[in-house]
Every structure is written in structure tokens, then in C-alpha cells.
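Here's a structure for you.
Chain lettering (A, B, C and D) follows the sequence in which the chains are written, and residue indices restart at 1 in each chain.
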């Protein structure tokens, strides 16, 4: 089985001419099967850009990104991926069930699969019984839950989640953490960005830090545990980014 | 004074958006291209033939300005809701009526900007062709066009609060471009229909905006024959535009006021 | 840079360009609106179709832009006042030109020249007593060019029509009617240019006998001017008469070749042959006869007359 | 059909039906039908008036169908990008060009449905007092779906290059203005490289009582439309494949 995520020498720029800005510079990392990797960095550090390049939404200036061995942009690579975008609105004119049917069918689920899966994922994200409700009546938190549901609908082997806990209430965050734990135990590969460092700390066996477009640190599980004994991930992150000392 | 300032700030933001989004420039560029095509026709080497240029230019300017007004106006209010930019705005001590008025004035300002750009081309073009500018008739025409833009803006606002932006766009364009045709068909049908039908046609004539009343281009074109409109007629047209713009604008305000945000 | 496009679709850009190229070439050749009625080459058909009040209003719905422009020239002539369709001045055919070689009517520009002929044609915007709209109607009549239909038409400078004739024939070089009427107006200001215009029309429509009739009439007018103005004018006029005679002769020959066998008394026949064609053909024959008499003598003229009277019994010496 | 197109087409249709603009155009067209019905009840005496009403009704139907198609098509991709609903869609194993194709197909289906919904009542309601060639009518009915496909392709293409309002404007100019513009093509031959969906509008031909196109002409016209559609849609797909989102 090929590696779920491979990023090699990724460089992405926005704009042209004098206004050209390097958002990501020569970033390389891999995520192996069954790993749960956190991706953290300050605002504008390049997290979402990296994830978008990984998904094939934007094109790298240099370097390469692969999902399960297929270059990003090739639909084949996305066959086993569930993705939650950073900010997404979902079609206001649709009902929750219809939306999941849409995404599920695009991921290749049959009608029977959909009938079985939709109630399950809605239940998983705490939206059980709301299948028939129009999305324009959904609150921001509910939309975020629905976003997680659409990522999970096709039982993907790899989950890529951008700002996974944004907009969730404390209860929602708690539920989400439990859900991710469960998925991790079930052997799913998870790659997610978050500003909730305690969440990252409790879930991940590896953390990748990015600052000003460059990878600045990779913390393994052992290091993470060592860090955890001395200080929180948050203070470690701040000292790394501010001081550049930890490397 | 404070209200005036609030109006100006809102209107200015609309104009800024219109100007920065470059759509107006494309409209103006397309219009100028077409006018250029018109002037490139060689008329057997004869000089002093201005009516072709006048007609083409006036027709194009009218059409493109109307297009710009409808495109701008229909999205003003719905977009504020969609993008939720309305909350920080209405969090200020700003009455909703003033907000709608400011938006309307902004659209009008953008349209005037557009029209001014056209005039910057039209007037030198007439000088170049050594044609009579017929400035009194032209002035009246421009004034009526401005009144028409006001009417169109308030109508588009009303439509945009009743329907989705695309529906409002469709309806606005249809009403504008088919207005003359609808009027002519009504004139013919009136002869053919019964009492109920006549009442319907009569009502429709007075309920729908009569854009044909604001197009003086026919007389500008043949300015050697027609004299400028008399003051009573201009006053009546101004009154018509004010009353109808007011009615549509008030309708838009009434819908906007009661709309939960 | 990594390519987001899979290898299998590399041929796409080329295919797109080829499709675009071929489709464009096709555009120049395929036109379902290209039929006698649509481009209105047939006068009779045009009058029939445009004879209702609705037709005048919905004129803009027609796909023939040349026809719209033609209607526009009529409006221009009347200072922008829209009248319901009638046989109006700019709708000239070669026959009208023949009646008007002196162009005495053409120093127009003032109302009232031909009151008898034109008063009473209804306007598109109705007069107050036929308008249900009340004050909206009053304003409409004030803003748009409008004139009480009981009064004589206004006539404007025919020169201003010329750009439209230029454009309509550029847009549709087969619009013979545009060449004929355009040449008529152009001849008022520049006979050389009018000749050139007709010649251009003939290049595009070598079989349009109406254009030869127009050409002959233009030369005839030139001949008269030469005879009047020049000292050795008669010699010049003589040459021009001969040229004109040849034009009419060619027109008559073409017309007779195109004329269907089944033309009835009203001048209708198959193949789109209408009263207008019939009258133009008759004009060509008549003018050929007259000019032959002038240039070759009575016996030659009689021979020609004999030939034409097989087809047009109404032709008389 | 490529895998993945179906669900996207379904979602687009759902949107067209649930959003209110379709309702408005439906009301307008209903008003027109009522008008035609009134004309029928009152009774038209002059055959030419019947012909013109038929021309008007059919022309408005054709234009409204193109307008609906254009607006639906031009809105799709910019809106998906603006509202960021595109990301979860493209996170599925479907290629971007499939997405463009699905949006195009959905717009064409909406327009075609709209056209057939109204064209037959219009035809039925207007008293037909003059002679028309029913074979031309059949050709008119058959040629409209390809014409709408072309309109959808034009709108989709403009929408992948331009912001939404601009895309709508340019597409409107091309769809409704080209018929006038291309007639200058004798002077500027390059103008024939602007697509013209209105060329497939046989309404005037039908109401003029002109016979059908010959089979060669018909086939040429259909092929021409398909070529144009393929060229524009292909270009839109290429552009969208390369576009950073």
C-alpha cells in the first residue's frame, strides 16, 4: 500500500510580478498509514495553502504532492480521502440528507450505501434526525458538524481536516475529539490543522509546525510525550515560533 | 449634517466598489469599441453626416448605462445579506431608510460616472465630425437619462428584495428593454380587448415604469427639426420620475425595514 | 512545475483550436435566415409582411438587420416620426427613379411638399383621441418625435440616410434594394459616387437587372446635365445615351431571362417574381426602346419594340 | 456519461427549482400565455396579426430560454467558488473537467426543459391564420436544444475567466448581440469567430411560412453548433483545470 500523504519540496506563490508572495517554501513531509498528524502554525503560516496544494486546488510552483501515490490533481488520489475545508458554506437550498447524498454519490457510494451511511454519520456528528432540514436554517456550528459528516460519509481511509474545531461549542469539541479518537483507533490516517493545541496534543502521534511558509519543526510522539511532561504544546509552539530556539 | 455624511459614506462605498470591480470599465470599453466600429464606416467620403454617429452613440450609451445600473443595483442589498456585511453597518446608529437611500445614491453616482465617461467620448466625437451638438436638447436628454437611472435603481432595489439577485436581474433587464415593446403591444391590444382587459392594460400602464418617456434621443438626432421640450413638460417628467422612484424606493424600504437580518 | 493535467488530455488544446477554427469557417457559410423572405429580396413579400400595425412595432424582432435599417431610413426621412408602413419615399425602386429623372422633388427639407400624397398615414404613436394612456400618452408624444398624422410629413435632408444605405449593403451585399435606393439619394450629392455604388452592387449581384436600370438612369441624368452645362455637351451626352441604352438593354435581357412563364395580369409569378420586378422589367424595356430610337433611329427602335411586345403587350411606340 | 456528472447535474437542477428566479420567469411567461389566450378569446381578424403574435410568442420563448440557460450557467462556477462549496465537491474523486461538463449539462437541461414547457402552449394558443410549414416547426423544435447547449457553453466559458457579473454581461452580449455583430463580418471577417446561438433560431423562418432547411443544411447547422459547443466547453474545461482555487 502506498503512502497516504507525500509532500516533497513544495513551493507555492501567489500574485504576479512585484506583488508575488511565497506562501509556502520547500516544504517536505510524509504521513504514513494509520498516523494521526497535527499541522500547526500561526495565522498565514501556510497551513491552508499546503492543504489546498495537497488536494490539488492550487498548483505548486515547485515540488510535488501526492495522495496515495497519485499526484494531486489526479482524481484517483482522492478516492480514499475525506476532506473538511477551512471555511465552507453548504448549499443553503439543500437538505442535510440531500447534501450527503450528493457528496456520497460523488465518492462512489451506491444508494444502498447512502441509506445506511447517512443516518450513521449524522448521528456521529450530533445531527441525528436532522436529515430533512434545510441547510439555510443551520447555525455555524451545525454547518461545521455537517462539514465533518460530509468528510466521513464514504468511510475514507485518510481524513484531511482544515481547522477542524472552528466554530464548535465546547460540547461539540468534546464530541469531535472522541470521534477522532475512535477513527484513529479504527486505523484511519488523519492529517489535520488546528489552533486548538490541546486537541492536537491529545490526539496526535506527530506534530508538524510551519512558520512563514517553512517547516520549522517536527515533533515525534516521543518528543511530544517529553514535552508534555515539561510544558504544554502551546508554550512549546510559542517558544519555537517566537524564539526559533527549539530547533 | 450627520445624516448627510452617513449618506455620503454609504454612497461612496458603493461607487468605490463599482469602480474597483472593473465591470464598469469593461462596459465602457465595449461601448466605445462599438462606437468606434460605427465611426469607422466610410460614408462615400461625404462629410458632415452626423446622424448615424449620433444615433449609434446615444443608443449605445443609453443601453450600456442601463445595463450598468441594473447590474449594480440588483446586487447591492442581497449581497449585504449574503456576505453578512450588513451587521457591522447596521450596528452603527444608522436608520435603515438612510442605508437604502445611500445605496441608491451610490448606484446613481456610479451610473453618472459611467455616463460622464461616455460623454467624454461623445462630445469630442461630435466636434470632430463638425456636427451640431444641439446642446439644449442634449442637455435635456442627459437630464432625463439621469431621472431614468433613478427610476431604474429604485425599481431594481424593489425587485432585488422581492426576488433573488439573478431573478431581479432578469426581470429588471426584461422590464427595461421590453418596456417600449410592452407599451406598443398594450396600445394595440387595447383596441381589441374587452372592458376587463382594458382595465388591466390601463393599470399595467400606470403601475409599470414607462422608460420610453425618458428617451429624448429621437429628437436629439433630428435636432434641426425639433425644439427643446417646454418647461411644463420637463417638470411633468421630473414629477413622474420622482413619484415613481419614490414609490418603488419606498416599497424597497418597507420590505427592507421588516426583513429579519 | 507539476502538471495537474493527466497525460491523456494533452491533445485537448489542439482539438479546441481546431474546433474553433472550423466552426468559425462554418459561420460564414451556414445561415438559415438566408432565404427570400428573411432578407426580403422580394418587394411584394416585404410589403405583405410589414403591412400590419404589429409588424411596424415588432420590426425589431426581425432578423434581417438590413430590413430594420431600411425602415430606419424611412424614419430618418420623416425627422424620426414613425409611421405605419406605407409606400414611402425612400422605398424607391428603379421604376420610381425613372419617373423622377429630373429629381425635381429632391430639393426637399421643408414640410408640405407632397401634402396630398402623405397626409393621413397613421403614426405608430397614436394621436390623443386614439390613445388610452391619458397624460402618459401626452408626455410620450412630447418626448418622441411625433406629428399629427393629419398634417403633412416633415422631410429631412436625404443625405443623412446615406450611412445607413452604406451599412446595410455592407452587412448584406445581396441587398439589391439598398443599392437602388442608396444610389438614388447619393446621386443628389455626388453622381460619381452613386455610379460607383451601383457598380459595387453589380459586382456582388451581377444578375440584378434592377441595378442595370438604376445605372442607365444615372447615366441619363448625367447626359442631361452634360447637354445643359457643356459647350460640347451634346457629344458627351450622345455617348452617355448610348451607354445608358446598353445598360437598359442588358437589364431588359436579364429581366426577360429571369421572368417566369406564369406571370399573371397583376404581375405575380413563381420564383418570387412580383409586381415590382414586372414594373422594373417593363421600365428597362421601355427605356431601351426610347434610347434606341434616339441613338439608332426609328427602324431599329421598332425592331426592339417588336421583341419586347411578345412579353409586354402594353408597350406602345 | 462520465461518472460523477449525475449527482452534480441533480444538485444544479435542484437549485434551479428551489431558488426563486425560475418562479419569476415562470410567472412572466405565464403572463404572456395569458395574453395570448386573451388574444385567442377576443379573436384576431387579420391573419398578419396572428402571425406576428406567433412570432412574438415564439421569439420571447426562445429568448427567455436562452436567458435562463445563460444565467444558470454563468452563475454555477463563480458561485461555487465564492461560497467555497467547491472544495468539498472537488475533494471527491472526480476530475475538474467533469465538474465543468456537469454544470454545463445541467444548465442546458434547465433551458431545454423551460423551452419545451412554453413553446408548445404558445404554439397551441396563438390562432394560426396563415400557412406555416410544420416541418420547419419540427426543425425549430429540434434545433433549440443544441442552441441552448451552445449558450450554456458560452456562459460557462465566460464564467471561468471573469467575475460573475461581468461574465453575465459578456455572455448576454455574445448570445443576444452576435446576431447583429456577425452581419458586419463581410467587412471584418474575424467576426465570424464569435459564436452565435441565435443562428439556430428558426422562428422567423417558420412564421414567414418558409419551408424546412434541406437535410444537408440541417446537418451542417447541427454539426456547426456541436463544434462550437465543443470548442467553447473544451476551452472552459482546460481553463478550469488549470485554475488555482
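We take it that a contact is a pair of C-beta atoms (placed from the backbone, for glycine too) under 8 Å apart; a residue touches a chain by one contact, two chains touch by 3 or more.
Small disclaimer: the values here were computed from a predicted structure and weren't measured.
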item: Shared chain contacts [chain A and chain C, defined touch]; value: D
item: Longest centre-to-centre distance from chain D, chain (CA-based); value: A
item: Of A-D and B-D, pair with higher C-beta contact tally; value: A-D
item: Length of the line joining the C-alpha centres of chain B and chain D, rounded to whole Å; value: 27
item: Whole-Å gap separating chain A and chain D, where each centre is the average of the chain's CA atoms; value: 41
item: Centre-of-Cα separation between chain D and chain C, whole angstrom; value: 35
item: Whole-Å gap separating chain A and chain B, where each centre is the average of the chain's CA atoms; value: 49
item: Junction residues of chain C - those touching two or more other chains; value: 4-6, 53-54, 58, 170
item: Touching two or more other chains - residue numbers and ranges from chain B; value: 185
item: For chain A, residues contacting two or more additional chains; value: 56, 59
item: In the complex with chain C, residue positions of chain B that touch it; value: 41-46, 48-52, 144, 181, 183-185, 187-188, 190, 198, 201-202, 205-206, 210, 212-216, 218-219, 221-222, 224-226, 229-230, 233, 236-237, 240
item: Residue ranges of chain D touching chain C (in the complex, touch as defined); value: 46, 48-49, 52-53, 55-56, 59, 95, 97, 179-180, 182-187, 189, 192-193, 195-196, 198-202, 204-205, 208-210, 213, 217, 220-221, 223-224, 227-228, 230-232, 234-235, 237-238, 241-242
item: Residue numbers on chain C that touch chain D, as the complex places them; value: 4-6, 9, 12-13, 15-17, 19-20, 22-33, 35-38, 48-49, 51-55, 58, 61-63, 65-66, 170-173
item: Contact set on chain C toward chain B in their complex; value: 53-54, 57-58, 60, 76, 79-80, 124, 126, 131-133, 135-136, 139-140, 142-145, 154, 156-157, 159-160, 162-164, 166-167, 170, 186, 189-190, 193, 196-197
item: Of chain B, residues touching chain D in the complex; value: 21-23, 26-27, 30, 37, 67, 71, 75, 163-164, 166-167, 169-171, 173-174, 185, 189, 192-194, 197
